[in-house]
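Some structures are shown below for you to check.
In the two complexes that follow, subunit A is the common piece, with subunit B as its partner first and subunit C second.
== the complex of A and B ==
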């Protein structure tokens, strides 16, 4: 019976191609616009590390005092001072932990005729890689001993390894960065968390750094801070990099892996204890204010999904709704022209349920066609987005399988929903009346 | 025109009329809000930066290793750049208008203030900066060559003098001129020696920076850093040539560097406003599609009604109604539906805006947009109904005499 209804639906749609085209186009346009903006929104608000996002935490310590807090009383900082980051590292209170900051190098190519080029880098601890499930193509992370010893070792991102070594296994080789030799201990496989969870302040979306080196090595070389650096508050900053390290400026991101609720609770207690100690020592003149956010909560606090993206989703779903209202009207018109045909079917024995199913199948077919048009338009829309948005966002404008399924399912569902009233009206056709009128 | 028959016909087709009215109302609500947002962004994107954008470009310079004499190297580069044919002037800086990243700094009226009196963007510049940017000094004087000091990012310095934008002056001293006044930056006293009419901050498309988008201060410092930018202004028409030649020239002076982000101001502007432009274009596209869908929806449904009522129309024509009367019938019918839709839509538009103000930090909708939107939607309805109405008007009176 179902196949017969499909056949009937196709016949009926062919009979009035103008109305059919209008309905399919309306649903297709609405679906295309809303899925384009929705898939971008979904990508922006995604969880780059779902298996662990509830176990990775970033701590904040208010070291500036009440004057610099947000209006809602939350701490004004989104990073730590060097002093506090080192103190937290020395607590060794988490299973894994890493302090980090953004910096960069001028890379000397192996071919001396080539010009040096720029590579951004992340100075961080050995635990970083295990903590964020970073995939390695060759080699391993450096060791905790390398962290301690300020070893001249690096982990290369895949792209930089391609550029410098043609993609070969470069573990054990040296690279020259700003006139110093560093030994390659590992090469990453493709890794592109979106958002870049470990540092959304400097750059929320886009590529991860080209290479990684031990935090202490970068500090020892006094490597420039390429990321955010916030010296709010009445802080005295002594001259030079060492003065900056001692200052109340915040510029270090810090992440800790805490696997159980008890560990989290324990860590919170330690944080408060540390802040209380700072108050006791006379560094803070206020009661301790600390925060410990997991990845998802941190994204909320940092507002990683821009309002623009929300506006686009709201407007395009409003548009989809208009398209559906439109489709309701057109389907109503279509089913009403068929009143006599339905009358005949009813007269020769079809019950209301059969008529209902038949009309619903027809709306489903319209929805499916609209969904396919919508899918094509979504692909076009995302290509348009790619051209309009910055390169950082390019990774966010791809259709994944879920997007495709959601698009088609949404279209069919929307069309059937829109078809409910017209379908109900069709079942109300009085067979006798229709036959008489003819 | 008699409304009675129209209304009674509509009563027999309540759902159809309601659907068109609802569609027009939603179209109006979305359209007003979308156009309002588009206009805001377009106005924002059109704002001048204070820079002679047509003839100016920037490039980022990064030294290899940790050279000792960066100050001397910068002076050498600048002498080379300024000596190039086609170059008006050049200077080195930490940041520039529309760059995207920079140094924000509070200015106080007294040392050790709890909260600064004006929030500004801080630019390290020299006595050539105003000329290289094409900025206009409206009071006071430029820096002199002997006032220029070297300063690294992590240094303390005794600055002495600075130039601010008019906006900073008005923020600090609303009742009088800021010229010659002493203010405090990093708790050090500084005299304002010059005022330029306008220079934007590096952050131009961001809610946080919008509050101080014209607050810039210029310090007489050469920025001693491994990485900084050169701003170069070319003679009119020579920008492209100078952009190429400048990179070659710098590598001739010293090869041990990385030159990145060589951007004309057109490019800098495009980068700075990329997301605003994207939002405006996307909303514009959706709005156009919305209008098309609504218009075709009206065409479709009205055509259906015309087909349905062909016999009645034929009877009316046979009884003496003119083509114009038939045309007017459908036009009036659409006006009534559109009028109801427009009223509903105006309320929806304001409601949607109020929600966006609350949830998404949008601005309040200008009511003029709602009125213009209502007129536009009514016109759209008239336009869409024209074709089916003309078809209805051409119904031959003889149709009434035929059986079916």
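== the complex of A and C ==
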């Protein structure tokens, strides 16, 4: 019977093309608007590492005092000072841990025909790669010993490896960065977590860095901070990089992998203990305030998804609702003009359930057509977004298979919901009255 | 086949009660061809709607094919309409955007018959009404008489136990009406039970039995002496 109902629905839609076009357009417009904003919102609010996002934590320690806190009393910092990051590293309290900061180099290509160029880099610990499940195309990460020894080693991103070595296995080769030679120990495969969870302060939705080097190597070379560097409050900064390292400026991101609730609790205790110790030593003149956020909570705290995006989604779904209300009216008109046909069908054997199913299938077909129109409008909407947004954000605005399926499913569901009342009304047709009216 | 006992149908509004049928009793035997006549507003159509399970009686009992159908729910009434009753309407009531074949197919679909069986039955029904060549035509492409034949074919395809016809020739000219009547008579000769509502005495007398409805009550002309004269005159005029 389902195929029969589909066949009837297609015939019915062909019978009144103008009414059909209006219904499909109403649903398509609503779906197009809502899916455009939802696609962007979904991309921005996605979990880049769902298998571990509940096990990766970033700690915060309030080293500025109550005057610099948020209105809700939360710490004003987004990162740690170098002092605190090193102290936490030395606790060795997590299964994996990595302090990191954004830096960069002037790269001297080995090919003399290529000009030097700048490349951004991330100075981080050896655990970074295993902690964030970073895929390697060639080689491996450097070792903890390399990090301790401030070894001149790097891991190249795939794009930089393509540029410098034509995509070949460059492990063991050297690259010249800021006039120092570094040995390549590994090359990443394609890796583009969105949002870039390990550093949402800089280029939240940007590409990962072109290369990675040991944290201590970068510190030893006093490599510039290319990322956020916050010196709020009564912070005194002595001149030079070493002055910055000793200051209360926050510029180091820190991540720890904690696999069980007990480990998390233990880490919190250690964190509080460390802050209390700082108070006891006279560094902090306030009660200790620390935080430990997992990835999802960290995104919330950092407002990774702007409030405007949420408002846009609500507004566009409001528009979808208005479109569906229009579709309800049009469907009601459509079904009521067919009251005589429904009367005949009821007279010759259709029960209410059969009429209900037939009409609901018809609304589903309308929804499917509306979904296809909505899909096209979503593609146009996202193309418009790409023209308006920054490159980082624009790169997120694409339709994947999930988006396509969600769009069509939402359209069919929305149309069937909108069609429930008209369908119910159709089942209430009294055959005797309709046959008499004819 | 059809047995109504003290049947009543009352339409109630907030201010008035209208008795469309009152204390109506009628027994139609298997294979009978009964014409139901009566003036406008006498309750003929209501009688046919109740007989066809399109409306439920508000009182009395109705047995169809031995089953008490007075108080059945929608599903059961729909099933009986589909399996045991064939309808022929004055206005044909074909579905305009389905062709002849698909119109006849509708009740068979609701019976969940397989495709081969449906095709066979539709072919036989079309042959019975002489429209085999018109299977792919749409109702708008047919004359009134042909449309009524399609409606008859739709009613016959389900091999119903009872055929209910409501003014089957009311929208047809004399020649077409004659053709449709001859078709109904032929169907009756083949053993069908037919109840036909008509206001036309000439058609009524061609039935086996003629019952008259006045003010929602039945008077059987074959059993009521005061109507014998009227019945005889009509039969004479028809001859």
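Criterion: the second predicted complex is superposed on the first by the 435 of 438 C-alpha atoms of A that agree within 3 Å, B and C clash if a C-alpha of one lies under 4 Å from a C-alpha of the other, contacts with A are read in each partner's own complex, and residues count from 1 in each chain.
In this text, a contact is a pair of C-beta atoms (placed from the backbone, for glycine too) under 8 Å apart; a residue touches a chain by one contact, two chains touch by 3 or more.
Everything numeric in this text was worked out from a predicted model, so none of it was measured.
**Q** Taking subunit A as the common reference for superposition, should the pair subunit B and subunit C be classed as clashing or as fitting?
**A** Overlaying the two structures gives subunit B and subunit C room side by side.
**Q** Check the residue A:24 against both partner chains and state whether it touches subunit B (first), subunit C (second), both, or neither.
**A** neither
**Q** Go through the superposed model and pick first if A:160 touches only subunit B, second if only subunit C, both, or neither.
**A** In the superposed model, A:160 contacts neither subunit B nor subunit C.
**Q** Between subunit B (first) and subunit C (second), which, if any, makes contact with A:289: first, second, both or neither?
**A** neither
**Q** Quick one: classify A:354 as touching subunit B (first), subunit C (second), both or neither.
**A** Only subunit C is touched by A:354; subunit B is not.
**Q** Counting residues of subunit A touched by each partner, does subunit B or subunit C come out ahead?
**A** For subunit A, the partner with the higher number of touched residues is B.
**Q** On the A-aligned overlay, A:431 touches which partner chain: subunit B = first, subunit C = second, or both, or neither?
**A** In the superposition, A:431 touches subunit C alone.
**Q** Between subunit B and subunit C, whom does A:345 touch in the aligned arrangement: first, second, both, or neither?
**A** In the superposed model, A:345 contacts subunit C only, not subunit B.
**Q** Should A:11 be classified as contacting the first partner (subunit B), the second (subunit C), both, or neither?
**A** A:11 sits against subunit C, while subunit B stays out of touch.
**Q** Rounded to the nearest angstrom, what is the minimum C-alpha distance from subunit B to subunit C in the superposition?
**A** 13
**Q** Using the superposition described at the top, list the residues of subunit A that contact subunit B and also contact subunit C.
**A** No residue of subunit A touches both subunit B and subunit C.
**Q** For the complex, which residues does subunit A have touching subunit B?
**A** 18-19, 22, 25-26, 29-30, 33, 37, 67, 104, 106, 108, 115-118, 178-179, 224, 234, 237-241, 243-244, 306-308, 310-312, 314-316, 318-319, 321-323, 325-326, 328-330, 332-333, 336-337, 384-385, 388-390, 421, 425
**Q** Tell me, which parts of subunit A touch subunit C in their complex?
**A** Against subunit C, the touching part of subunit A is residues 1, 4, 11-12, 15, 340-341, 343-354, 431-432, 435-436, 438.
**Q** Under the touch definition given earlier, write down the residues of subunit C that touch subunit A in their complex.
**A** Going by the criterion above, the answer is residues 45, 49, 52, 54-55, 74-75, 78-79, 81-83, 87, 89, 91, 93-95, 97-98, 106-107, 109-112, 154, 158, 166.
**Q** Please output the residues of subunit B touching subunit A within their complex, sorted ascending.
**A** Touch list, subunit B to subunit A: 15-16, 19-20, 22-23, 26-27, 29-30, 33-34, 37, 62-66, 112, 114-115, 153-156, 225-227, 251, 255-258, 260, 271, 274-279, 281-283, 285-286, 289-290, 292-294, 296-297, 300-301, 304, 307-308, 352, 356, 359-362.
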